[in-house]
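First subunit A sits with subunit B, and in the next complex the same chain sits with subunit C.
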Partner chain A sequence: MSFKDTLRTAALANAGLAALIGTQWYDTQLPQTVALPPTGSLGAVVVQGISNPRMYSFTQRMSGSYARYQFTVWGGQFSAGAENRDAIASALVQFLDQFNAIGIAGLSRYPNFVVGDRDSLFPQTDGPIFQKVVDAMMFSEDPS
Partner chain B sequence: MPITSLLGSNLPVTGLLLQVGNAASPETMNTIANATDLTIPVIADVVDVTNLGDTFHRRAATLGDMGKITFKIFWIPEEPTHRNSLGGGTVGAGLRYLLINRLKRDFQFVYPDGNLSTDAFPAYVTMFSISAKTGGVFEAQVELSNDGQPQLV
Partner chain C sequence: MLQTPFNSLVQEVMPRAASSGFFDSTCTIQAPDGNSGPGGAPSGTYADVAGLVGVLCMDAPPSVARVQATEVKALAEIMAKQMRHVLLNGYFPQIAAGVATGWRAIVTRIAGSTSIVYDILGAEVDSQSTQTRLDLQLAGV
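Here is the complex of A and B:
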């Protein structure tokens, strides 16, 4: 299973996130068919890989690496959409604290570090869709 | 002579082997895992022999020394070549064990030039300094102190 598959499976199994986005967790692009508030009731998260520099010793490539991922949170329109965006972003940060991509159980927190948290807008004629762009450095064993 | 060496314009570091012997007979050399950032100084002590008639310093090079040989490892606590244990199998002992028990071992660095060019020397492990930083991976700085005549390329 690729790193993104593992991430999606874990995110959808996370109660806090699932309550806010259901199964609306996508790779790189938001599908046109997704209905966001106020049309729909749930927000969405789109994940994009930004970079994944590997570490090397003299004789091998190390199996672990810190990869940078960008999570674009789609909250919805109007004030409810803005609140939804903030709630999803908060749930996402809490999810990353306990997302285990390294195969070591029982740690008090896991090596996923949020390094960026920026507000954004997707323009619409009747009011923008509120977005949050969350960047995280995530350590994993051989992500694909 | 050509401006560029006939043996190549440069030599990439990839494939360099840092090896430590197990003190057995015949000796087996084991590659130290996860090693990077090697520094091998070779220096000579210098005595100032300037006399009263000189207007510039005179110096005499005396004893040679390999100084502080250092490298970094991505530290794994239970890795056989890193740990504080005699180990087992073909691995003689971990670097921490060699330090804590003051054991001299044969070390060799095999350069990736295709001809197995090798620097070899007996040495003690005299530092094993672990560093841990939030958002990083465990690393350890290792220092070797040479004891006696090295065989250098």
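Here is the complex of A and C:
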């Protein structure tokens, strides 16, 4: 199972996120079939890997790395969409606090650090879709 | 001297077109309420504009020369646009000004298909004050 597989499985099992996005968690590109508010009731999250520099000693590659991932939150249109965007982004940050990619159970928080949190929007017909772009550095054990 | 007969003929164009059955759709223009939500985003609430409800219209593509190919596949999303050229049965100069304030158009086939909400990209009236043309767009991911 790849790192993104693990990440998606954990995200969809997170009650806070699941209540806001259902299963609308996607890899790199938002599918055309997603109905965002006000057409649909749920937002979406799209994950894109930005960089994943490995760590090395002189003689070997380490088993862990800090990878940068970008989460684009699609909230929806109008005021409800903007509120939805903020709620999803908040739930995402809380999820990242608890997402265990290092295989050590029981920590109070895990080494996933949000390093960027930027508002954005996507032009639509009668009102833009409100977005939030969240960047995180995520430490994981031997990510693919 | 010949102006009066010509004027009369021009004024008959739209009524004759309407009675012929070419206007097989209706168009309703809506305006945003101007209110904002708690964070400052538009409320998304629209209301019909008086006098611009259920106006008979012809809903057509902007050109019959070729099928529009507007789908753009980008890294993060796929966006498609649908453009329409809609002829309203009447003279409605107020729409051009309303475009700047976010008015939108809902076009419905009288035959019973679903209504579609479009963004109004432009509106213009003819020189004889008999008709109004709308350039509409539906964009979505």
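Some points to look at:
Please note the rule applied: the second predicted complex is superposed on the first by the 144 of 144 C-alpha atoms of A that agree within 3 Å, B and C clash if a C-alpha of one lies under 4 Å from a C-alpha of the other, contacts with A are read in each partner's own complex, and residues count from 1 in each chain.
Note that a contact is a pair of C-beta atoms (placed from the backbone, for glycine too) under 8 Å apart; a residue touches a chain by one contact, two chains touch by 3 or more.
It should be emphasised that the depicted structure is a prediction, and the values quoted were computed from it without experimental measurement.
Annotation for the three-chain superposition on subunit A: subunit B and subunit C fit side by side.
Contacts of A:Pro38 after superposition: subunit C is touched, whereas subunit B is not reached. By the touch criterion defined above, A:Phe78 reaches subunit C but does not reach subunit B.
With both structures placed on the common chain, the touch criterion links A:Leu30 to subunit C but leaves subunit B unconnected. In the superposed pair of complexes, A:Phe122 makes contact with subunit C only, with no contact to subunit B.
Ranked by how many residues of subunit A each touches, subunit B and subunit C are led by C. Least inter-chain distance for subunit B and subunit C in the combined superposition, rounded to the nearest angstrom, is 28, based on C-alpha atoms.
Within subunit A, no residue touches subunit B in one complex and subunit C in the other.
If you check the complex, the residues on subunit A that touch subunit B are 55-60, 62, 64, 66, 111, 113, 137, 139. Residue ranges on subunit B touching subunit A, taken from their complex, read 13-18, 31, 33-36, 38, 73-74, 134-135, 137.
The touching residues of subunit A, when paired with subunit C in their complex, are 28-32, 34, 38, 46, 48, 72, 77-83, 86, 122-127, 129-130. Per the touch definition, subunit C reaches subunit A in the complex via residues 36-44, 46, 75-78, 80, 102, 104, 117-119, 137-141.
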